[in-house]
Structure formats: structure tokens, C-alpha cells
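Have a look at this one before I ask anything.
When the chains are written out, they are named A, B and C in that same order, and each has its own residue count from 1.
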Amino acid sequence: MFTETDLEVMQSIISRYPRSRSAIMPLLHYVQSKAGYVTNEGIELISELLTIETAEVSAVATFYTQYKRKPVGEYHVGVCTNTLCAVMGGDAILEVLKSHLGIENDGVTSDGKVSLEHIECNAACDYAPVVMANWEFYDNQTVQSAKDLVDGMRKGKPTPPTRGPDSLPTWKENSAVLAGLNDGRANEGIQAGEPTLLGLVIAQSKKGGKKK
Amino acid sequence: MTTAQKQTSQVVEMITLVVDGFEVTVPKGTLVIRAAEKLGIQIPRFCDHPLLDPVGACRQCLVDIEINGRAFPKPQASCTIPVEPGMIVKTQLTSPVAQKAQQGVMELLLMNHPLDCPVCDKGGECPLQNQAMSNGQSESRFEGTKRTFEKPINLSSQVLLDRERCVLCARCTRFSEQIAGDAFITLNERGALQQVGIYEDKPFESYFSGNTVQICPVGALTGASYRFRARPFDLVSTPSACEHCASGCDMRTDVRRGKTLRRLAGDDANVNEEWNCDKGRWAFKYVTAVDRFTQPLVRNAAGVLEPASWPEAIAAAAAGLTGQRAGVLVGGRATYEDAYGYSKFARVSLGTNDIDFRARVTSDEERDFLATYVVATTTTYRDIDKADQVLLVDFEPEEESPIVFLRIHKQVRKRALKVHAIATKLSIGAEKLNANFVKVLPGSQSDAIASQELTKLSVILVGERASESAGTLTAVAVLAKKSGAKIAWIPRRAGERGALEAGAIGNLLPGGRPVTDAAARVDMQSVWGVETISSTVGRSTSEIFAAANEGKLDSLVVGGVDPLDIDNSAAALAALQKAFVVSLEIAPSAVTELANVVLPVAAVTEKSGSFLNWEGSARVFDSAVADSNNRSDLRILSAIADAMIKPIGIATVSATAREIATLGVWDGERSTFSKVKAVAPVALAENEAILTSWRRLLDLGTLQKGEGNLAGTARATVAVISPTRAAELGVQNGDALRISNSVGAITLPALVEDIHDDAVWAPRNSLGSELLAKLATASGSVVTVVKA
Amino acid sequence: MTELTPVLSAHWDEKDSFTIEAYKRHDGYKAAKKALAMDPDELIQIVKDSGLRGRGGAGFPTGMKWGFIPQGDNKDHYLVVNADESEPGTCKDMPLLLANPHVLVEGVIIASYAIRAKHAFIYIRGEVTHVVRRLNQAIEDAYKAGYLGKNIFGSGQDLDLVLHVGAGAYICGEETALLDSLEGFRGQPRLRPPFPAIAGLYARPTVVNNVESIASVPAIILKGAQWFQSMGTEKSKGQTLYSLSGHVANPGQFEAPLGITLREILELSGGMRAGHTLKFWTPGGSSTPIFTDEHLDTPLDYEGVAAAGSMLGTKALQIFDETTCIVRAVLRWTEFYKHESCGKCTPCREGTWWLVQILRDLENGQGTEEDLAKLLDLCDNILGRSFCALGDGATSPITSSIKYFRDEYIAHITTGGCPFDPVASTLFETAAK
């Protein structure tokens, strides 16, 4: 499944590091960008490229939550249910999504479009409750907005992220970004949401409005 | 620097500390947990192991520590903290905080541990069980749901893992990575779901896997062969020495009602530390698996072997040997004392130097090399520890002397010891040692050796296969002389070094005394009470067979020799057919089938004695199976000698040991070594290659019979060719490759690897690749290699 | 009334704030240029003088950390930026990097030069794709501009900066686990000593700093240690990002001098959500013992928070009002620690497994008072007995919540269930009103 081009990309990932073994994490992200999850073929290839045992690769792959050892959806939805998000609506959103999609936690819809996972704190607490899709931010979610989001996914037209690119990339596309590849979309989307700017805006208003 | 100053500077700094109110002084760098041990204070522990890097994971060994009045704010893991001057340690015995911390950790460890001690193999010798009793609370407060896993899974055909019992101390995974260099088992998943495992179906096929079973502090790892066989308290343990190779492992043999149930690595810091290889651990069933002889056999007038009484058989043997021209072949597995018995029997009872312990490919160059550079020398494991470089010549430590491999690996890991491997093929072991692989065409080792730059701190480890290419040992001798490097000759079999020292070879009497040296002969004549000893250098193994075939020898005394270990096995079998043969064996073999008298002997576990390992160091052992009626070779040889009225007078091991002790060391001249030139490589036709091989640790060896679980972990049988040859032949990995010569052919799956373009490698004695039996050659000869 | 002091956030309101052009409009990369003309030791001294302390939670003096790197040892040195922001409640570094990744890149250039590192890494958590994009682009643009790579700023210095993306493991925020992860192993903490300053990445001298710490450096170099010193309290100098979240009228980021109080931040931002009162809050993430309304006036600096029995941590102010069940909140945090425990040591691995079971029973009304005692004793067996601070952190919410809200735990036991309506504490509830 991995082509000559893939091997070249993987070699270039390895060359970023002073010691090749450091490349194992971006290589696993890269495998997910091609295969959708960490396949045995991917593990065996990494083991070969880094000249380490397959057991050592799988030891690493199974340690980190983002590496999936079975297929996920084209759109992987994570609902934050760490305390703050859970209390502010994350629990309700997760329950509704489970029944709406007819899947359990870590499940995938039968059409392969959407998978669901409850996630831990994603560093966006001032936007709670937070939902992540393919690890893009969906801030200040409600039960309804979350349902709309997954419905859009199943139709192939998901709502764009709140703070992210102009449209939601697929799981594989975003896995390539996590492998360190530039998809040219860094300039898309806003620079900051309202909460991020709140302190700045207050400071500016105390000083007599916006500078300049 | 004066000698005195030098000694002072080497003295380790000592540190005094107080543990539970008692002062103790230990070398700098000692960990608190071991300083406490010195006082007899046992701090409970699981992850700690003195030969593994400290990890501090299990937290069982928490103690309170203060240094010069400054107390650590919280209890510290005593397995990770080195001692310091002014340190005051309070263990569970004197610190309520430490005691509560330990009890707390113990409760947490037991929380998810199944209560299956009654059916667990570890019960009765389980550190968790023992320490739960000594350092835990009597009742658990856990009322919740335990973590469950599928009950034991196979990590290999030999090692099973019960993840429910595992306390995640990571001793096994750390051993595999740090000691064996085989990261085939790893910790997987995370947190409470963390578990030891292999990758998919790639089994834990490390030559050292059994050590993980031994150091597992719970019943999580078990060996398939011992599972459910015994209770530790029903076993009788005897210290023993391993008979499998020349590493010289200290061992423990556990016997129940006359039957060996398991063997464990013993503890000898100078040799095997606390490890052994899987062959040493698990290959012991050959003693019982084969159909052992229960009584002597004598060939009758009709030419049929039939049971005889001991007096009859001894008389028959004596009759066939008395007044005859006889040779002695003793194999490489005899104990030092038995080999001495054969050596003395040859000289005293048979009046000949025609004796050879080398039941393999040999050369005169090797015989002379052994006499000049090996016998009565002492290169040791400590020399590897101190070496600046190690040069491997025709020696694959992982396959041929696994503990030597572990020792080199340790130094490579700890201080990046530089290893050079002059070999015909890159091996897994050489890769693990980060060795500088010097690729040679079989037969062309000497040039590569000559180009090595060693120093007087270097060690040359040369294997027995060096005898297979002329000039190799000469080059080793020259290099050692030029550089001052030490030489160690490491044969494969446990008995070879002892047999060499015992003089079971044509050019040497016991203690390295040259047969050609009159003073040396006088020494032995006086000890043995004989008037003369022949001054003629005796025949080698192949020469003895040849002489028998030519009618120059009438009789042969053969102990523990397999004709198929010799390159010209047809000649050997013909000689055995022709001569009067007295065979000392434990079970039927190609030799016993042709023998005139078969005398059953004791297996190693049934007798006492010693082996001299490659260092020349005595590895003494007692009989593990106390009620065996089987006689040692020594006792039988003595009986024959008596019957010949040429007694050797050493019917027991202790008598032999006493006699050896009186010999002292030969302080005369060593025989001079005559240099031998390498032979130029022959021109190869298309599809021809030079065959090269070595024996793998796990193969079809006689002493591995009857242990299928162990055999299941053997490396795959392959034929190795270079990428160039593979391209020429249009062969890829896994394709069938046919290797043939005028004698026969074998077909094996190809493996394309780093090997000389003109060479082909196959294992010497593995399933499907029995080179000596099928091709009557194992190295250095031309074979035809084609895609099958 | 403490005034807000936007420094890092000063230009976040500009739409292109994340681009190199925008950054350069506001003196971007001038500090790096200035620094490269100075002696590295002088830089270390300025950072020491500024009083900058680690913004990742522990508050270790940054300049001192840099000073620990042995000089002239002929070894490679490394700078590793910890951008693995994962502590529950913590949400400052990600918006910072989304809005202005270049300030971190510039900080990396200065810090690397100071510690004589030719290779720097940013270890960013993997669950923030757009932040990864922005940072990756910023690094690419800095290379193109000659600020990274060979002969940076024409100074003769070389520096390579690699963005390393994590894959979901809270423990990798622990600096030695981060290093193991960066070396390609499972992210489990290492034994210390040796400390990273002596044997860190690839066993070479390494500085590991938080994003905000490094991002604070360019302004210090440009404006001077005195300027930075002039903000904050006696031992906690400078300004920092406070992240307000939860049941407040307006959550968000507030850049203020160290020592500001929650009461001040709430007053500035508009207080609690309408009609509700403060019940409990965390000063610096879930691993810092909770506070209540008693602590509204506690100065939020390292010393002030410690004196009140907690830790400043990441200044993640998670605010919960009276609708929130404390047992539910603590159970969820404990489940987090169980999920994120790396598995290396017994107390944390097994302890969190057990804690969750007891808390679940308590929340469901199936617990007993004995369970409460057991919880506290278990915490005592985990705190200070674990390999790293993760296990310690797991006990913080439990012990501090029992200290302040024991009655509420008892109420769960006596009423045989949770007396709270989860709907009342959701954001939708606020929105509906």
C-alpha cells in the first residue's frame, strides 16, 4: 500500500532528526494519513526503516491515544468530557451523539463516515463545551450544533471548524499535517476567537479604546 | 607511578552510612537497597534486579532517608538511590512512614492480582507471595472489580504469559532489551491496561528467553516445560554446571523423585552472572527422552549385539584391546576427570598417544596452536570486561557460546566496547554487538586478521571453526604477538578445554606437557608409574579413522562421538565397521551400532565432576540424580584397565581430582608453533560457491533431543546468499535454493544478506540443513547453488 | 485594582497576527537579532535578572535552568519547548500559538543561542491540528527569512528547529517523559538524576521550557530585565496569561501581572454567569488543590497560592458554580488521571484504578463513610509514593474537595444518590435563560 513516494516522504521525516528513532511518532501519523489507522503493514515498514523491532514500534503505537489500531471514520469526532466541558454540556453532547449515530464510544458508523470518542481536555476550556473533529476545534458546542455537525459529515459537507481551516479536512488529510507536512492551509481561518481576545479588548477599552 | 600508588588509585572509595541504626560501609555507587542487604535487612522489591538498570517503577522499596540532617520530604525508592556519606536510612523496620508506604504499595499490587496461588507454579517460591506475607497487611480493602485478561498466552512455544498475575515490574522487558538485546517483548498499552506482549504473532524467540521466567517475581511468565509439573518444596536442588557449551554456566538442577524437572541459571559473578541460555535451561530431557542403555552389550559370534553382564562386557573389552594397536576418541563432552581417564588409559593401558578429543573438523595447525597458545593459559571474562577491543575470529558467540555473547554485549552497552567480527557472513549476534563486520571468503580469513589493529588490552576470541581454514590460527598467533593482545580459544563443547588440559590429544600429556619433551614424559611416567610414554605425536581423529581403515590400528575406544560431526563420516563409519570398537555411550548411536562392546555410562546429571570452561576455570558439579546406578566413564575405564592388568587406578572422581592436583603446572618449554600458509581460493565456475556454515545454538544437536518446546524457538533454516548472487539467480527472500555437490543436495529457503558474493551459508546441523550428513562437508568446499 | 498588561497578546486582535509580516510589524525578530550580537552568558544573565519563572506550572527560574547547562563540554546541547499543553483547564499556549507562533520561534532562537544549542525542538500535543499548521508555517517562514538554518541573521550561528507532534498522552507534559517520547519511546518518566541539564535528549545537556516561558523572552530582551521586573510581586515577576473558564459570564485569556486575584479578574470580565455563585475553582489546573470563594483574594502568584494550600500551576482558573456536583467533578478528573497514568509505577497505575471505582460508587450513592476514609488513606499511599507528579496530581482534587465539601460527599451517601441536576450546570442552561 505504501508507494515509492511514501517511502521518500518517510525518509525525509527521518532526516529531520539527529537520531532516526525519534521519527517514530511522525511516521506513525504518516501511516495513519495513508492507511487511516496504524496497520500492521505500517508497523512493519517503520520497523524496517528505523531498524528496530516490530514489538518496539507497536509498544509506542499503543501508548498514545491518537494512534488507532483499527479504522476510524473519515471524520473522527471527539467530545471533551473532562470535568469542565462535561459539566458544561459535554456529557449531554456525547450521549446525544451516541444515540443519534447509533454507535458507542470508540464506534464507527456503518457508512464509515463518522467515529466517536470521548476525549480529555483539549486546551480550549474558555470555549467549553468543546468538540474536536479530526482534531480541529469546534467551540461552544450545543447538543444541536453537534448533531448538525455529524449530520453534515454523513452528507459529506460538515460545518467548518470554529478556529481552523475554512473547511474540515478528512482524518487522513489531517494525519499528514500531524506528520509535519504542510497542506498550505495555515493562513485559513481566524487568528483568535472572542475569549482569546477578551483580556486584550478589556485592556484596550480601559486605555480608551482600540489602539492606533 | 609506583606499584603501590597504582594499587591505591584503584581502591574503590568506601562510604559509611547508617541503616536502621546500624553502620555499614560499602563501595561508592552502591544502592541503598543493597547496602541494607549487607546488614541482612531485606527491603521488599519487585522491579529491582542487581544486573538491570535501576528503574524505580514498582515503588515497593520505599524507605525514609536523611543526609547530614536533611530529610527527604517523602520516602525514596531505595533501589535507585546511591549511598552517600552521612546518610541515615530508615527502612520499614524503624520508620512507620516507610512501613505504611510499603504496605500501601503492596495492597495496590495485590489489588488486581488474582488469588490463584494454589494453582500457580510460582507458589512457594514467589517474591510477591513471600513479601505479601512479610511486608503486607493481612487483609485487602479492595472491594471493586479486578482487571481481567485472557489467561495465559504464548509468547513463544516455550514461554507463557499470564497478564493477570503480572505486576508490571518490567524485569522481563528490561532483560530482553538490556541484557539479551532482543526487544521482542515490550510493554504495550498504557496505565492500568499496560501489559507485556509480543508484536502480533512474532514470538519471543530469544536465545535467552528463559531468564525472564526465572527473574519474574510472580507467576506471570512460566516455561511450558515446567508448567504444572511440581511444587518448589517437592524439589531437591543441586548446584550443577552446564554441559552444553564452553561458557561454563553455574546452574541449579531441580529433581523430584529421581527425575530432573527443571534447571535454572546459577549465580556466578565471574562467569554467567545470573543468566544462562535457553539450551542450558531447557535441554536436559535428552537424558530421559532417548532409549537409554540399561546394561552392557557384547557382539556375539553371530555378529549380533546382545546383553551381557558387567564382568562379561569388561572382559570382552579388555580382550579386544589387550596387545592391540588401539586409538582413543573421546569426543568433546567428557568431563575433565573422564577426559583425564581416557588420556591416562591411552598412555598407560594402551601405550599410545593416538587420542583425540576433537570429534569435528581438525587440523595439525590447530593441534599445534592449542599446545602453544591455549593449554594452561588464562584469558577470562574479566579480560573482556577490561578490553579496549574484542576481535571475533570464526566465532559466533551468540550461537556458539552464549554467555560470552552476553558479556560482550554488556560491555558494548555499558561502555561502547568496540567489536570486530571476521566472519564469512554477517550474523544477528554481530549486529547486536554493533560489530565492525569484516566480511571474508571462507578460507581467506588470514588476510583480514593480519590487517587488524589491536593493542595489548585487546582480546582475540577465536572459535573452533578456525581449524577449518588453513592459516587462520597462524594469523591469529602472529597478530597476538605483534599487538600483545590476549588470545582465547572458545570451543563449542563443554569438555574440549578440559580434555585439552587432560592431554586427550596426540601432542600433549596432562597439564600442557608436550609428548615430545623428555622431561615432560618423565613427569608423567613418575606420576603414573609407567616406564615409558611414547614420544611420537599421536594421530588426530581423522587420522585414527584412516589408520583403522588402512589396518594400522586394530581397536578403537570411543566415548561420546558422533561420526556425523566429522567431515568424512563415510570413512569414520567404515573404520568403526572394521576395527574392534569399545563404545562408552548413554544411548544407541551410529557408533554403538557398529561396536563390539557397548558400555552404558552415566549422563552428566547422574555423576559428579567438573568441566573446564573456555577460560580454563573449573566448573565443579555434584550428581543431581542421587539414586542413579549408572557408572561414569572413569569407573568403566578403570575396570577395563584393571582387566587388562594395566591399571590406571582412578576409579572415582575424587581420586582423579587428587591425582590431577599433584601434577602441578608444566613449567618447561611449550612446543613451538609452525606457521601454516593460507590456501589460495579456487576458481569458481558459474553457479558455484564456497560453502560456509556454523551450528546454531538450537538445532538438531543430540543433547537437545526430547524438548519440543525449546526446538520451537529455533531460528528458521535458511540458505544465505549475497544480493549480487541473488540477482544473478533471480532469487528473492523465501525462494527455494538448492545447494549440491557430488555427495548430495539440500534445498532451503533463500535469505539475501551480507555475505561474500562467492559464498553460500547454511546452518550446519538444522532441520533440512544437515550439512555433514547430506553433503559430507560443512565449510570451505565448492558447492553448486541454483534456484530450485 | 490590578491592570491588565497585554504583552504576548498585544496584537492578537489583528486578523493576520500569525503571519511573519504581522509579527515583524511589531518589532518581531528584532530581539533575536539583538541577542545574537550579545554574549550568550549575558543573555542568561538578563533572563536571570528579569526573574522569569517557568510558566508550565512548577515556576522554576528560567535563567537558572539555562545556566545549568555545562559550557565548553564539546557536547551537543538541545532546547526542547514543551507545548504539550494538556493539564485540564489549561488553555493558554494553544491560543497563543494559533494567534502568534512567531513569538515562540523568536524565543527559541534566543534561548538556543544562550545555551549554545544548534538544534531545538518544539514538542506540541497532537490534538490541535490547526495550531500545528500555524507553527509549522511559522517555522518554514523563519527558515525562508534566514532566521533559522545556517548562518542565521548572518551571525555565523546555525540553528535547526523541528516541530515534533505528539499523539495523545498527558504524561508527555512531564519533561523526562517528553524526552523519552521525543527519542521515539513510550512517554514514561525517567529516573532523575541525571537531570535533563546534564543528560536530557539523547543523553545530552538539554533545557526543557514551557511555550509561554520561551515566548516571554523576546520582550525581555527588547525591553530589558528591569521592565519585566517592574511587573508582578516580590518573587513572582512579570506578566502572565491567566485562563478563565467555566461558569463565568465571559471566559477567556487575561494577561496580567503575577499576583492579580480571581476577584479582580472576575470583576474585569463580568463575574459569574448570571444568577449563580462561585462554589469552587482551580488556580492552576486539575492537579492543583481546589479553592473556594474563601480564596477570591488570594494573590495569584507562586507564593500566594502556595501559602493558601494550592499551587499556581498553569494559572488555569476553572470556575464552577453552585450547580456543580463536587463528587461528579472529582470523579471525572480522577477518570482522567486513570486514563493518562503511564503505567510505570504501582501507586499511580493501580491507585487511580481503585480511586475511580470508589468515587463512582460515591457519586452513584452506593458509597459509605468508610469509603471516604479509604479514599483519603489511598491518596496518602499515592501522594509522594508515585514515580512522578502525575500520581500526586491525581490526589489533589480528592483530598482538597473532601477538605472543603465533606458534607456534600456525605449527602451522596445519606441520600443514596447525587442530589444535583446535571442539566442545571450546562452552558445550554445559561443560553436558555
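Here is the rule we go by: a contact is a pair of C-beta atoms (placed from the backbone, for glycine too) under 8 Å apart; a residue touches a chain by one contact, two chains touch by 3 or more.
According to UniProt, the chain labels map to these proteins: A, B, C = Unannotated protein.
Computed from a prediction, not measured in an experiment: that's the story for all the values here.
Student: Taking each chain's centre as the mean of its C-alpha atoms, give the chain farthest from chain A.
Tutor: So the chain farthest away from chain A turns out to be B.
Student: Using the touch rule from the top, work out which pair, A-C or B-C, shares more C-beta pairs.
Tutor: More C-beta contacts join the chains of A-C.
Student: CA centre of chain A versus CA centre of chain B: separation in Å?
Tutor: Inter-chain centre distance comes to 53 Å.
Student: What's the distance between the Cα centroids of chain A and chain C, rounded to whole Å?
Tutor: 21
Student: Taking each chain's centre as its mean C-alpha position, how far apart are chain B and chain C in Å?
Tutor: Measuring from centre to centre gives 55 Å for this pair.
Student: Which chain C residues reach two or more other chains?
Tutor: Residues 169, 186, 339-340, 342 of chain C touch two or more partner chains.
Student: What residues in chain A touch two or more of the other chains?
Tutor: Where chain A meets two or more other chains at a single residue, that happens at 59, 63-64.
Student: Could you pull out the residues of chain B that touch at least 2 other chains?
Tutor: In chain B, 187, 189-190 touch at least two other chains.
Student: Give the list of chain A residues in touch with chain B in this complex.
Tutor: Spelled out, the residues of chain A in touch with chain B are 40, 43, 52-59, 62-64.
Student: Inside the complex, what are the residues of chain C that reach chain B?
Tutor: 169, 186, 191, 338-347, 349-354, 357-358, 374, 378, 380-382, 384-387
Student: Considering only the defined contacts, which chain A positions touch chain C in the complex?
Tutor: 16-19, 21-26, 28-29, 50, 59-60, 63-67, 78, 81-84, 86-89, 91-92, 119-129, 132, 134-137, 140, 142-143, 161, 163-165, 169, 174, 177-180, 182-183, 185-187, 189-204, 206, 210
Student: Residue numbers of chain C touching chain A in their complex, please.
Tutor: 3-6, 9-10, 12-19, 76, 85-91, 93-95, 98-99, 119, 125-130, 132-134, 136-138, 140, 162-170, 181-187, 202, 242-247, 250-256, 268-269, 286, 316, 318, 320, 324, 328-330, 332-333, 336, 339-340, 342, 422-423, 425-428, 431
Student: For chain B, which residues are in contact with chain A within the complex?
Tutor: Its residues touching chain A are 182-190, 197-200, 202.
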